[in-house]
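Which chain is which? They are A, B, C, D and E, in the order written, and residues in each are numbered from 1.
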Amino acid sequence: MNYWLSLLMAVPAVGAAGVAFIRRDRTAKVATLVISLVTLALTVAMTVQFSPHGDTFQFQEKYDWIPALGIHWAVGVDGIALVLILLSAILVPIVVLASWWDAEEGKRSVRTYFALLLALEAMMIGVFAATDVFLFYVFFEAMLIPMYFMIGSYGGAQRSYAAVKFLLYSLFGGLLMLVAVIALYSLAGKNSFLFTDLIGVIKEPGAQRWLFLGFFIAFAIKAPLVPFHTWLPDAAAQAPAGAAVLLVGVLDKVGTFGMLRFCLELFPEASRWATPVVIALSVIGIIYGAILAIGQTDIKRLIAYTSISHFGFISLGVFALTSQAQTGATLYMVNHGFSTGALFLIAGMLISRRGSQYIADFGGVQKVAPILAGTFLIAGLSGLSMPGLSPFVSEFMVVNGSFQRYAVPTIIATSAVVLAAVYILWMYQRTMNGPTVEGVRELTDLNVREKWVVGPLIALLLVFGFYPKPLIDVITHGVNEAQISIQYTNPAPAVPVAKEGS
Amino acid sequence: MGETFVFWVLAVVSVIAALGLVFSRKAVYSALMLGVVMLSLAVLYAVQDAPFLAVVQIIVYTGAVMMLFLFVLMMVGVDSSDSLVETIKGQRFWAVLAGLGFAVLLALGIGNAFIGPAKGLAAYPQNVPSLAELIFTRHVFAFEVTSALLITAALGAVVLAHRERLTPKLTQRDLARQRFKEFARTGRNPAPLPGPGTYARHNAIDKPALLPDGSIAAQSVNRYVARYEKAEGTLPPEVAQALESDSEALELEKE
Amino acid sequence: MTDTITAPTIEYLLLSPLLVVFGAAIVGVLVEAFAPRYLRAAFQVPLTLLSLVAAFALVIFVVVKDGVPNKAAAMGAVAADGPALFIWGTILLLAFVSVLLIGDDFVPSAVAVPGSVEEERAVSEGAAHTEVYPLVLFAVGGMLLFAASNDLLVMFVALEVMSLPLYMLCGLARRRRLLSQEAAMKYFLLGAFSSAFFLYGTALLYGYAGSIDLSKISTSLSSVGGQDSLLFIGAAVLGVGLFFKIGAVPFQMWKPDVYQGAPTPITALMASGTLVAAFGALLRVFWVALGNLEWDWSPVVWAVAILTMVVGAILAITQTDIKRMLAYSSIAHAGFILTAVVATAGAKQNSLALSGILFYLVAYGLTTVGAFGVVTMVRDPGGEAWHLSRWAGLGKRSPKLAMVLAFFLLAMAGIPLTSGFFAKYAVFSAAVSGGAVALVVVGVVASAIAAFFYVRVIVLMFFSDPAADGPSIVMPIATRGVVGFAALATVVLGVFPQPVLDLASKAAQSLFVR
Amino acid sequence: MEPIVEHSGGVIGASWLMIAFPLASAAILLLGGRRTNAWGHLLGVFAPVASFVVAVMCFLQPSGRYDVGLYDFIPGVAKVGLLIDPLSITFALLITGVGSLIHIYSIGYMAHDPERRRFFAYLNLFVAAMLLLVLADNYLVLFLGWEGVGLASYLLIGFWQFKPTAATAAKKAFVVNRVGDFGFLVGLFTIFATFGTFAFGPVFDNAAKASNGTLTAIGIMLLIGACGKSAQLPLQSWLLDAMEGPTPVSALIHAATMVTAGVYLVVRSGAAFFPEGATASLIVTIVGVATLLAGAIIGTAKDDIKKALAGSTMSQIGYMMLAAGLGPAGYAFAIAHLLTHGFFKADLFLGAGSVMHAMKDEVNMRRYGALRALMPVTFITFFIGYLAIIGFPLLSGYFTKDGIIETAMDSNAILGWLAVIGAGITGFYMSRVVFMTFFGSKRWADDVHPHESPSVMTWPLIILSIGSIFLGGYLILSNRLMVYLGPAVGLPEALPQFHPFSPTGLATLALVALGAAIAWVRYGSAEVPQVAPRGSFLTTFARRDLYGDALNEALLMRPGQWLTRLAVWFDNKGVDGVVNGLAAGIGGSSGRLRRIQTGFVRSYALSIFVGAAVLVGAWYVVGNL
Amino acid sequence: MTTHYLVLSALLFAIGGVGVLVRRNAIVVFMCVELMLNACNLAFVTFARQHGNLDGQVIAFFVMIVAAAEVVVGLAIIVTIFRTRRSASVDDANLLKY
C-alpha cells in the first residue's frame, strides 16, 4: 500500500484551504505557486516510478468510504490516467503564474481565486485517479463548483450567463450519468462500485445500451461533442484565461477520458453498437467546429471552437477501436492540454493588454510585440497540428489509427487539416500581421513572468513533438489493457510487412 | 321498517339542510342549517345503535360548537352576507363538477361494494360501558393525546383572542378626570350619552332620544338599527338629518 | 361484556420521548399561567430545549438499552419500531435547531391589530407570546406521534395535534402580519379541509376492514372480498390527506403561501419536522396498511411523484421571494422522496428504500433548516429581506454567510460532497432498484431544472453587484449556531455519510411493525 | 534498385549533422533574440555551408543505400531515420549547395533589414526541414520535413508581415499546401493500412503484393500532395503570390528546392506507386504537361519580374513532373533538370533580386530597361541563366530539358509535342523578361539610381551561372546522373543516348528561336509602354493566372464564406437556440404556471378537491384493472 | 340499509366540499368543513353497526372532540384576521400568491 495518489490530492486540497485564509494577496499567490510546484514535483516523482510493463493499475489505494453503498476511496492509475494527471499537474503552476493579475478585477478576493485553483487541481487529480465509479462521479460533479465560481466571479462581461450555462449543462449530463451509475450498481448487484468489480458484469445488451447512453451523454456534454457543445464557447470566452485553460485543457478531458475508461470498458457491446453514431458525431464535430472557428470574431470563442473540433478527433480516436487510435486519442488529450493551454494563455495576455477580445481590434501586433506574436504563432501551429509540435503526433495517430477501421469518416475528418490552417492562420494574420493598428501600438512584449508561463508549454510542445515515445509507452500500456477488456483486435494490414524498418 | 322511514325523512331533511348551508346568503341561516343537519344526524346515530354518540352530537356539536359558531358570527357582523357573484373565474363550474364527480364516484364505489347485511351491535348491549371500555383500554392513548388538543385549543384562544392588560386598570376617578380633560381640550360633552328616554315619547331602542329642545340626540341613535332602516328605507328623515349633522360635527371635531 | 375493565398496559419507557415532549408542553402552559411575564421566557426556552434534548436522549437510551424495538406500544396505538425511533430522533433534532432559530420573530400581542396604537404599546411594553414554546412542543409531540401511529385514529388525532399549534404559530409573525395571518387562515382552512378527506378515507378503510389498525387493514386485504371499491376509494381519499401534508401536487398549493407567510423559524420547523413526520405517516399507510396493494396504488403515486417534482421545480424558477422559492423547492424534494416511496418490492428492497428515505429526510431537514436560518439573518428595516433582488451581492457584503447559503443550495441541488447528493442518490438508487427507472429519469430532469434556481440565487449573491442600501446582517448567536451546525451536518453527511446511513439502514432493517 | 542496408557510424552515420547544423543555428538565432543580431547572419551562413560539407563527405562515400536509424518516433508506427542513397545525396547537395550560395547572397540583399537575423533563422529552418524531407527513410518523417518546409515557406513569404499582401500570400501558400497535405495524409493512411509501416524499404519491397487499385489510390493521393508543394495544377495558385517574400526566398524555396519536393516524392515513390504505364503515372504526366503549359502562359503576361519567373518555375517543374511520370527512363532527366533548374533559376531569381535591389525594390519590368550597361555582372549572369532556361544549345538547360522532351516523345507523342510547345513559349517569355529588363530604353523613375550590387551578392550569381553553363552537360552526357541514381530509383531497360540535334531537338530549338524573335520584336526593339496596354482576351487570361484565383474564389472561397456564416448562424440560432429556447420555454411555462397559484384559498381548495376526485377516479380505475 | 347511510354520508361530504369551494365567508367555509366531518361520522357509525364493533363509534366520538378543538382554534384565527381586515371573506386574503 502506498499513498502517492492520496498525497497528490491532499497537497493541493490542504493548500487550497490554507490559501483561502492568507490575508495578503501576494503571499497567497506565492503560496499557491509553491504548492502547485510541489504537487508537480510529487507527480513527476510518481510518474518516474510508474512501470510501463507493470500492473494495469498502479499506486493503488483502496479504503472503504461508505460501505453501506459499496463506495470506496479507491484510486490508482494506468497509463492513461497517469498522463492526464501529469497534464493537470503541469498546467496548474503555469496557470497560476499566468493568472497572477487575473483575479484583481474579480467579484471576489484574489486569494479565493487561487484557493479555487488549488481545489480544482485536487479534484482533477482525483477524477483521473478514481478507480471507484462512484468516486469518479463525485469528483466529476464536484469539479464543476470551483470552475463555476472561477468563471462566474472572475470572468468577462457575460460571466454569469456563461457560468450558469456551463453548470447547468454539466449538471444535467451528470445527473443522467447518476441514473446510469445507480442502475449499473443495482444491476451488477455486487454491492461494490469498484471499477474492476463492474467490468464485464452487465451482459444484457439492452441494459448495456441504456447505461452506455447515460454515461455517454454526460461525457459528450463534458467533452463536448456536437451537438452538446454550445456551452463551451460561452464558458471559455468568459472565463479568465487561466480558468479557460483548465476548463478546456483538463476538465473537458474528463469527458473523453470517461468515454475511454468507462463507456468502452464497462459497456463494450453497447459501445460497438453506438460506434457509428459516435464516429459520425465526431466527424461532424471536427468539421463543424472548424467551420465555426473560422467564422468567429472573438479570439477566445475561436479557440473554444477549435477545441470542439479537436475533441471530435479525440472521440473519433477513442471509438475507432484500434490501439493506435486510442493511444493517439489519449496522447491527444495531453497535447491538446498543452496546445490549447498555450493558445488561451497567450491570447489572454494579448487580450489583457488590449482590453478587447475581438479580432477586429487587433492588427500588426508582431511589429510591437514579436515574442508575443512568435509564441502565439507556435501555439497556433500546434493548434493546427503542425508536425514537429506534439499535437501532430497525436492527431496523426488518431487519424491513421481510425483510418484502418473507418476509412471514409477518417478521410472526411482529415480534411479538417485544411480548415485548421484557415482558422489559425487567418486569425494570426488578422491579429498579428499587417500594419499596426491604433490601440495596438502601445502594446508591450512579454515580460519575464509571462515568458516563464509560455516557455515551458512551448518546450513541452516541441519536445513531445519530436520525441513522444515516453508518453506513448506509458499510454500504450493503459490502452492495451483496456483493449484486453474490450476485446477488439486491430485490423491487420493488407500486405503484412516484416516489422524491420518501422 | 321504522328505520327506513326515519332514514328517508332525515336523509331528505339533512341533504336539503346541507344544500341550504351551502346556498343561503346569510351566514346565520347557514349556521342554522348546519344545526339541522347535525340534529338529523344525531337521530340517525340513535337509530343506528349509537345512543351515546347521538347525545354527544347534540350536546357537543349542536350545543357547544354551533353556539361558538354563532358567537363568532355575531362578532364579525351578523348582517354580513355573501354576494352571490362569483369572482374567481370557473370556480363554481369546477366546484360543482368536482362535487358531482366526487359524489358520483363515491356513490358508485359504495354501490359497487358488496356489502352484506349489517352485523349489528347486539354484542354490545350496553352502549356506554362498552364504549368506555374501548376508550380506556384500546384507545386510551389517543384519548390522552386529545388532551393535548384541548390544551392547544385553550392556549390558542388565549393567544389569539385574549387581550392582556398592559397598563394598570383605570379607576372611575381616572376615567372622570380623563373625560373632563377631554372636555377642556375639545369641548366634548363630558356627560354620558343621553338615554333613549329622557325626553322620549317611546322607550324602544329604535327611537332616538330627544334633547331638551326636542331635537334628536344623534348620539343616541343605534347605528345598527339606523343602518338597517336606511337599507330598508324606513329611517325617519329627521334622524337621518341628525346623524348627518352629527357626523359632520364629528369630522370637525377630529380636525 | 364483563363488568371489570382490564387496565391497559402502557410501555412508558418506549413512549417516554413522546411523554417528555407533551409533559414539557403542559409544564410550559402552567408556566404561562403562573409565572410572571418577565420570567416566562427564561423558563420556557430552557424548558423547551431541555425537553427536546431529553426526548432525544431517551430515544437513544431506548435503542441502547433494548436494541431496536419492534412492537406496537400502548395497546397497539403507537408503533415503536426502527423507523419510528429514527424519525423521532430526526424530528427532535430538527425541532431543537428550529427552536433555536426563534428570536424576535413573534408578535408581541396577537390580539392587537397590526399597526395600531395598541400594538405599539405592546412592543414598547416588551410583551411577548411565550406561549409559542408550549405550542411548538405540542406540535412536535404531534409530529412524533403522527409518524409513529399504528392505527388511523391515532394518526388522525396526531395529525390534529401537530397541525393545530402550527395553524396558530403561522399567524404570529411579528412583521408582515397581514401575510402571516393570511397564511394562518389558508393553512387552517385547507388543513381542516384535507383532514376531512383523511377522515373520510379512514372511514372507508374502516368500512372495508372493520378495523383501523394498520396491520389489520393489511391482513384484511387478502381476506376481505367484494368490497374492493371501498378500499380503493378509501385509500385514495386517505392519500389526499397525506399528500396534502407532504405538499404533493396537486395538493401543494398551501405550501408556498404558508411557508412565506409564517414566521421563519416556524417555516423551518414545518419544512423539516412536518415533512419528516408526514413522510413517516405516509410510508406507514402505504407500506403497512396498503402494502399488498402495490400495483393498485403505485401508478397513482408515480403520477403524483412526477407532477410533484416537475411542478415544484418549474414553479420555483420564476420565484422572486426566497422563502417562496424554498417552499417550491420543498415541493420538488417531496417529489424526489416519493420516487423511493413507490419503489417497493421485496423486504430487502423495501428496507433499502426506507433507509434511503430516512437518510433523505435527515439530510434535507438539516439543510433546509440551515437555509431558513440564513434567511432570518438577512434583514431589511421592515424585517427579513425576502425579495431576491435584495440578496444581490451578498457574497461581497457577507461572504461567509453567502457561502454557507450557497452551500445549502448546492446541497439541495444535489452536488456531490454535500448531504443532498447522497440523499438524492439514496432515493434514486432505491427507485432504480425498485424498477422505477423512468421515474428517476424524470427526477433527474427535474433536478436539473431545480438546479437552475438554486444556481440563480448563487449567481445573484456572488456575481452581481451589491445594492447600495443592501440588507443588514443580523447574527444572533443561536442562529449562528444553527446555521453552523446545519452546514457542518451538510458537509459531514456529504463526505462521510456512513454512520447515518448505517443508522438509517439499521432502523429500516426490520421495516415497520405490522 | 539496390536493397537498403542498415548503417551506423562513420560519415554516413553522422549524416544527421546535415540537419542538425541548420536546425541548431535556427534555434540559436530564434531563442537568442536581439543579442545575436550582430553575428546572426554569419552563423546563418555557416550552418548550410557546414551541412554542404557533410553532404559532400557523404557523397564521397562508396555509393549505396544506407539506412541510418536515429530514434523511435512513434512506437509501432515509425522511427526517425535517414536514408542516405544517391537520390537523397543529390538533393542534399543541391539544397546545401545552392542554399549556401543564397544564404551568402542574402547577407547583402537583407543588409538593411532590421530583422535580418530572423530571416536567417527562417532560412536555416527551411534548410533543415528540406534536408529532413529528402533524407527521411520513411514517409512519416518525410511528411515531417514536408510540413517543415511548408512552415518555413510560410514564415519567409510572410517575412514582411506588415505588408498585408505578404501576410495574405503566406497564409494562402500554407492553406493551399495543406490541401495537398490532406491528400498526402490520406496516402499515408493508405500506405499504413496496406503495409503496416511507413518505412521506404519494406514498402517498396512489398508494393508489388498490394492490389493495383490500392497502389493507384496511394499514387494519386501522393500526387495531390506533390501538386500542393510543387505548385502543379490545380494547386498552383499560391506560387505566384509567394513572390511577396524577399527574393532570396523566391530563389531558394520557390525556385530551387522546396517546389521540387513534389518531384522528389514522385521519383522516390516511383518504383512502388508510379510504375511506368500505371494510371497514377499517366496522371502525373498529364498534370506535368498541363502545368508546364499553364506556367508558361502565365509567364508570358506578367510584368512583375518575379511573377514572370514564378510562372516559369511552375512551367519547369511541370517538365520535371512530366519526366517523373515517365518511369525510370524519365527519373534521371527529371532530377537532372531539377538540379540544373536549381542553378539557373536561382541565378535568375537572384539576378532579379539584384535588379530590384538596384531599382529600389521596383518589380515592374515596364519600369526597367537598358540596365545591361549599369549592372554588367548581373546582366551577364542573368543572361547565362536565360540562355540555360530556354535550352540554348550546350548550356545546362539544353541537355536536361531536351532529355525530358525526347523521353516524353518516346512515350507519347502528344505529351512530347505539348512539351515542345512549352519550350517555345519559354523562349518567348524568358526573352521578354530579358529584353524588358536589360534592353530597350530606360523607363525608370528619376529618383532611382541603378548600380551594381555588392560582391557578396554578385559572387553567388557568378557561381550559379557557371553551374548553369556546365552542369547539364556534365550530368547528361554519358548518362552520369542516370547511372549514379540507378541504385536508388532503378535504371531503364536501355540507357538513352544523347543525340544532339535530333529532330525533336531541332523542332524545339526552332520554336524557342521563334519565341525569342517575337519577344525581340515586341519588347526588344519596340518601345515598351510604362502602363500595360489592355491586351486581348488571351492576355487577360494569362495575366489573371488563367483565372485560377477567380475559380478558387468562386468555387471555394465564396461558398466557404457563405457556409461559415451559415454555420455560425445555425450554431447560434439553431443549436444554441434550441437550448436557450428550451430554457426560455421552461421559464415561460413557469411564469404561466405560477398563475394557477392565485392566492385565493378557494382555488387551492378546488385544486385539492379536483385532485381528490381525480385521484379517487384514477385509483378506482387502476384498482379495477 | 348500510349502503343508504353511506350514500347519504357521501352526499353530505360532497356537499360540504362544494360548500368550501363556493362560499366566501370564512366561517361558512369552516361550517362546511364541519359538515364534512359530520358526514364522516355518519359513515363511521354506519360501519360500526355493519361490522358489529364499536371502533367506529369510538372514532366518531374522537372526531367530535377533535372538531371541537379545531373549531376553537379556527374561529380564533378567523377572528384575528377579521380584526385586522374587517372582513371575513376568504377572497380578501390573497396577498400571498404566484
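We adopt the following convention: contacts are C-beta pairs under 8 Å (C-beta built on N, C-alpha and C of every residue); 3 or more make two chains touch, one makes a residue touch a chain.
If you're wondering where the values come from, they're calculated on a predicted model, not measured in any experiment.
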{"item": "Reaching subunit E from subunit C through chains that touch each other, fewest steps", "value": "1"}
{"item": "Pair of chains whose C-beta contact count is the highest in the structure", "value": "B-E"}
{"item": "Most distant chain from subunit A, judged by the mean position of its C-alpha atoms", "value": "B"}
{"item": "Far-end chain from subunit D, centres as C-alpha averages", "value": "B"}
{"item": "Interchain centroid distance [CA atoms averaged], subunit B/subunit E, Å", "value": "15"}
{"item": "Whole-Å separation of chain centres (CA-atom averages), subunit B against subunit C", "value": "35"}
{"item": "Inter-chain centre distance, subunit A versus subunit B - centres from mean C-alpha coordinates, in Å", "value": "75"}
{"item": "Subunit B and subunit D: spacing of chain centres that average the CA atoms, whole Å", "value": "104"}
{"item": "Per-residue multi-chain contacts in subunit C, two or more chains", "value": "110-111, 153, 157, 160, 164, 167-168, 171, 185-186, 189, 193, 228-229, 232-233, 256-257, 452"}
{"item": "Contacts with 2+ other chains: residues of subunit B", "value": "88, 91, 94-95, 98-99, 102, 105-106, 109-110, 115, 123-124, 130, 139, 142, 146, 149, 152-153, 156, 159-161"}
{"item": "Touch-based graph of the chains, sorted into line, ring, star, complete or other", "value": "other"}
{"item": "Pairwise chain contacts under the document criterion", "value": "A-C, A-D, B-C, B-D, B-E, C-D, C-E, D-E"}
{"item": "Touch list for subunit E against partner subunit C, complex", "value": "6, 9, 13, 16-17, 20, 26, 29-30, 33, 36-37, 39-40, 43-44, 46-47, 50-51, 53, 55-56, 58-59, 62-63, 66, 69-70, 73-74, 76-78, 80-81, 83-85, 90, 93-97"}
{"item": "Subunit C residues touching subunit A - in the complex, by the definition given at the top", "value": "395-396, 399, 410, 413-417, 421-422, 424-426, 428-429, 432-433, 437, 440-441, 444-445, 447-448, 451-452, 455-456, 458-459, 462-464, 496-498, 501-502, 505"}
{"item": "Residue ranges of subunit E in contact with subunit D within the complex", "value": "17, 20-22, 24, 29, 90-91, 93-98"}
{"item": "Residue numbers on subunit D that touch subunit E, as the complex places them", "value": "594-595, 597-602, 605-606, 609"}
{"item": "Complex interface listing, subunit D residues touching subunit C", "value": "583, 586-587, 589-591, 593-594, 597, 599, 601, 603-605, 607-608, 610-612, 614-616, 618-620, 622-624"}
